[in-house]
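Below, chain A partners chain B and then partners chain C, in two separate complexes.
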Partner chain A sequence: MLDGRGSVKRKLGARLWLSGTWLGLMAVLALLAPWISPHDPLAQDLFAGRLPPFWLDGADPAFLLGTDSLGRDVLTRILHGARIAFSVALIAGLATAFVGSLLGLLAGYMRGWVDVVISRLVEIWMAFPPVLFAILLIAVLGTGLTSIIIAIVVIDWTRFCRVVRAEAMNQSAMDYVSSAIVAGRPRRDILWREILPNVLPTIVALLTLEMGIAVIVEAILSFVNLSISTDAPTWGGMIAEGRTSIHQAWWVLAFPLGVLFLTVLSFSQFGEGLKDRFDPVLR
Partner chain B sequence: MKLLRAILVRLMTMSVTLIGAAVVVFFVIRVVPGNPIAMMLPPGATEDDVARLTALYGLDKSIIEQFWIWLTGVVQGDFGTSISLRQPVMPLVLGRLPATLELAIFALVIAVVLGGALALTGVRHRETRTETAVDVANGVGLSIPDFLWALILIVLFGVLMPVFHISGRISPSLDLPFVTQFYVFESVARLRFDLWWDLLKHMFMPALALAIPLAAIISQLLKQSLKETMHLDYVTLSRTKGYGENHVILSEALPNAVLPTLTLIGVQFTFLIGGTVIIERLFSYEGLGNMAIDAVINRDLPLIQGIVIVFALLFTLINLAVDMMYALLNPRLRHA
Partner chain C sequence: MTAFLTVNNLSAALHGYEQRVLRSVSFSIDTGEVLGLVGESGAGKSMIGKAILGILPSAVDIIEGEILLDGQDLEKMKPADRRRLIGATAALIPQDPLTALNPSRRIEPQITNRLVDILGWTKSAARVRALELLNEVHIDNPERVMASYPHELSGGMRQRVLIASAFAANPKLVVADEPTTALDVTVQKQILRLIRELQARHSTAMVFVTHDLGVVSKVCQRLSVLYGGKIVENSSVADFFDGPKHAYSRALLAATPKYTDPEASLLPVDEAVIEAVAAEVLAADREWRHGG
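Then we have the complex of A and B:
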């Protein structure tokens, strides 16, 4: 039994380390992108269009991962795309976590009509297909980074709200809350000082999951051409461009897709790993 | 009696949800900048033309008035006229809905088969490398959303090993004898298995992309509840009776472990249908979601409203069906 738990622990450790390393690496690369990129992400060179990656015939070693149909360097655009992806992930993730958790805490702790109103709102929100809702919002707000972040918050706050509400309800039923009430602590005090710290691990784990989702939403919106501008180096935009020329130049699609895949996988595994790490039974 | 009352309460909250959804979408899209009327007219149209067309589509009235006209129409089954396609919204939406439903149902079937097979394999070979492999597959399947699976499938089976179609619903060269929009069902009914096969070959990639995340969820939950059931006394009893491991898992443990998974499938099915919007776009599949994206790009307000309401209705109906199924299947609730 003890051995079994040890191996589970090791597995969890490896998961956190692997995903954490990839995310850390991408974050550093994103920060340093303007200085370490071999080319300008927007520089076109029509004579160097659709060059294959370095190990294939006809490659130019100056363009390690090849070029797209306009002759822009794929590696450079992936690095600059990481800046956009990670900014969106961080800002949209935190904002969504804040809005959703706040409403979830209020609904789960206050109960009564507050809970009825918030829960009904969540139910209405769940009746929309999220991708369609996102596209609709971007059509309303206009394209651009701010609009994408607002759209993610508006769509995904329910994800935090549902979980945090249930968790806050669980915590409220526990003895330490009852004793705090008996001790005459004000309600607001109990919510922020007693319940919130106990719900926080759940929120943090959800936050990393949400960051992965934010990266995907940005990619989807770039894909339907509603993200920033068609020129800006976003992973989704590169994927959309690569999709149209997939039979002539598969690398334009495959490399950003691979990076996006590993990043989303890492965000999710990091979140799952954190959730288990916070779990007192496994700890 | 209790069940009847529960259903009535559910129907009430359902209509509140639907009206709420209608209000949200109606007012959100009225804020959209860009004039749909201007996009309909050729350059050089006079201001008179613009005014006439605006009045024709009722866009000159106040938003509250527009909402009231639209809502009374919807209740009578009239969703207005599409601005970009110049046809009534209702037949347009109903014409596309079957394609989306067929895709979603096919994806659901794949997910159940794939997820069930994975879970059973994991339990049959529990505490071996096979179970670890199943766990890893579940973890990856869960982490990656359908959009990315679709792209990966396009690269793998559309380009590197081109075995499946990655675009459209059916080969355009074929003659279509269909009178309904349910092509898959109708091709079987007409015994036209050549068409049926062509349809499936087109649907397989998008359906698989939609199915993988759901299959992982099914596999994870079913495996967990199977493993819990395997420790119960009655399972041990049937093992002492000398039944083989396969019999114990399939005939004894599975029937009792399957209920939570069934409920979950219902809820997750609505997420799967939501995913069809972008997946249809990726595979140029002529369904409702693809039409929805075009409608947003064309600022076609009546069409957007109609599609969103149909999606919302579908989601709430599925949730209702899941709740009722759960009440019917769960003996504790049935006799309550």
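Then we have the complex of A and C:
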């Protein structure tokens, strides 16, 4: 295929397609959850507890993926859980990318004392065990969506910072940066208009990876009951509940786990696919 | 007439080291004149060009000497003023056309940025000028090239774009840092002719960094031979090719391959000559240390 400039356009890879479709589908379902969910995610019905999914004996067609031990609809809770997971992924991912990339760009481009301060900070930061760090933070901040997002940003900005710093250093050594300096362009201008566009593919790839990590961290915190409220429909919380009844009702554990797995995998694959496609040098 | 660019006693050293990488380098260039800087790899020829333009690597410090551009001492200026002065009067033709254009930006802004941002041209005036420049460097379809990304152009095309970009603001000084080294031989010749043509038309002062004496004989009026960051001979090109004065220069000239005589084998520079010139550089170092 040729585009307008006469250059060869690469086809969208299968992994970009598959992961993109899954993420798109989940995002739409998450957005529409309050309207398309068959039940109320918090409504309990102890007489309808542990109903199996629709293809098994004893299923109630009103509960497609069955119910948990308190009689709450699994499908409804997965859809509402997607809302929480995607909000965390989007907000925490973007905030982490912003903080980490900004510091990484400054360190890699300005070097000198700025680099020394930021790099030492990263090293100190990374010496803390991340999950413990998160649990401590939540303990201090209190539970809730905002706390989870803050915890993820505080823990994971170093991931962006290190990679973006290295990339900014590579780009700064390129001749086009020298040319821009000779042309009398201000340093700020060189950072934002010359270097940033070349670091952006890396940031995007890391961002999607980070979104997957944010989903996992949120699930972990929910699993240890440090997420939102105890009965809130989170994937991690569902997995934790399902664990206790795995022999009687495997579906309570299996469905949210499968959805979580596919979502995290799709985020990382989507990022890799995007990087391949938008890297100006590989393109 | 005073020289447009004067470099006086310029010395530079790696940050934290006493050993100098540029050793009291002095030369000057008049408007419209081309000075060749020749020497082996590591002789410091590119370093001089970078020092003039203020793009030395951060690990290299200028420890003494002055660089006078249009009568103004660059080392004594405020960084912002120096940036503006260099931006308005000087330009670089870099060595590697593959990394000298930003891969994620189209060609047009890469040529016009300086005109618009530094010299305050309007976008449309800058665009007209860019098209004119691409014509000057003999690019057939400038409109298409302006809309292209660097990876869509060949090495020769990119070097033409870089030359056009260097001459965009009518610079009074151009530093050409081995502009043909990364190109294949057939393209080299065209690019050299092009640089020569633009330099003459704009009567630009030019520092031409190269290791190729054949190129010097075609492009430059004068040359400086460097060894170990020290100028061992300053000469006019005509005198130099009649018979260089310094033993090292003679050895360099003798080591240049002669295309007219395919039977002649490539001769390395005589080791005794190298030892002599190295000793001379070290002697100058001792003298410099006692003096300063």
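The rule we apply is simple: the second predicted complex is superposed on the first by the 267 of 283 C-alpha atoms of A that agree within 3 Å, B and C clash if a C-alpha of one lies under 4 Å from a C-alpha of the other, contacts with A are read in each partner's own complex, and residues count from 1 in each chain.
As a working rule, a residue touches a chain if its C-beta (ideal position, glycine included) is under 8 Å from a C-beta of that chain, and two chains touch if they have at least 3 such contacts.
In this text, all values refer to a predicted model and were calculated from it rather than measured experimentally.
Once both complexes are superposed on chain A, the partners chain B and chain C fit side by side without clashing. Within the superposed three-chain model, A:Gly13 lies out of touch with both chain B and chain C [touch as defined at top]. Measuring from the middle, so to speak, at the Cα centre of chain A, the directions to chain B and chain C differ by 90 degrees in steps of 10. Of the two partner chains placed around the shared chain by superposition, neither chain B nor chain C is touched by A:Pro34. In the superposition on chain A, contact is made by A:Pro130 with chain B only, not with chain C.
The partner that reaches more residues of chain A, of the two candidates chain B and chain C, is B.
In the superposition on chain A, A:Gly24 makes contact with neither chain B nor chain C.
In the superposition on chain A, A:Ile216 contacts chain B only, with no contact to chain C. Remark: least CA distance from chain B to chain C after fitting both complexes onto chain A is 17 Å. Shared contact residues on chain A (touching chain B in one structure, chain C in the other): none found. Here chain B touches chain A in the complex through residues 13, 16-18, 20-21, 24-25, 28-29, 31-33, 139-140, 142-145, 147-148, 151-152, 154-155, 158-160, 270, 273-278, 281-282, 289, 292-293, 296-297, 299, 304, 307-308, 311-312, 315-316, going by the rule given at the top. Against chain C, in their complex, chain A makes its touches with residues 5-7, 111-112, 174-176, 178-186, 189, 193-194, 197-198, 200, 280-281, 283.
Interface residues of chain A, counted against chain B in their complex, comprise 120-121, 123-124, 126-132, 135-137, 139-140, 142, 212-213, 216, 219-220, 223-224, 239, 243, 246-247, 250, 253-254, 257, 260-261, 264-265, 268-269, 272. For chain C in complex with chain A, the residues that touch the partner chain are 50, 53-55, 58, 83-84, 86-88, 90-92, 94-96, 99-105, 110, 113-114, 117-118, 144, 147-149, 151-152, 162, 165.
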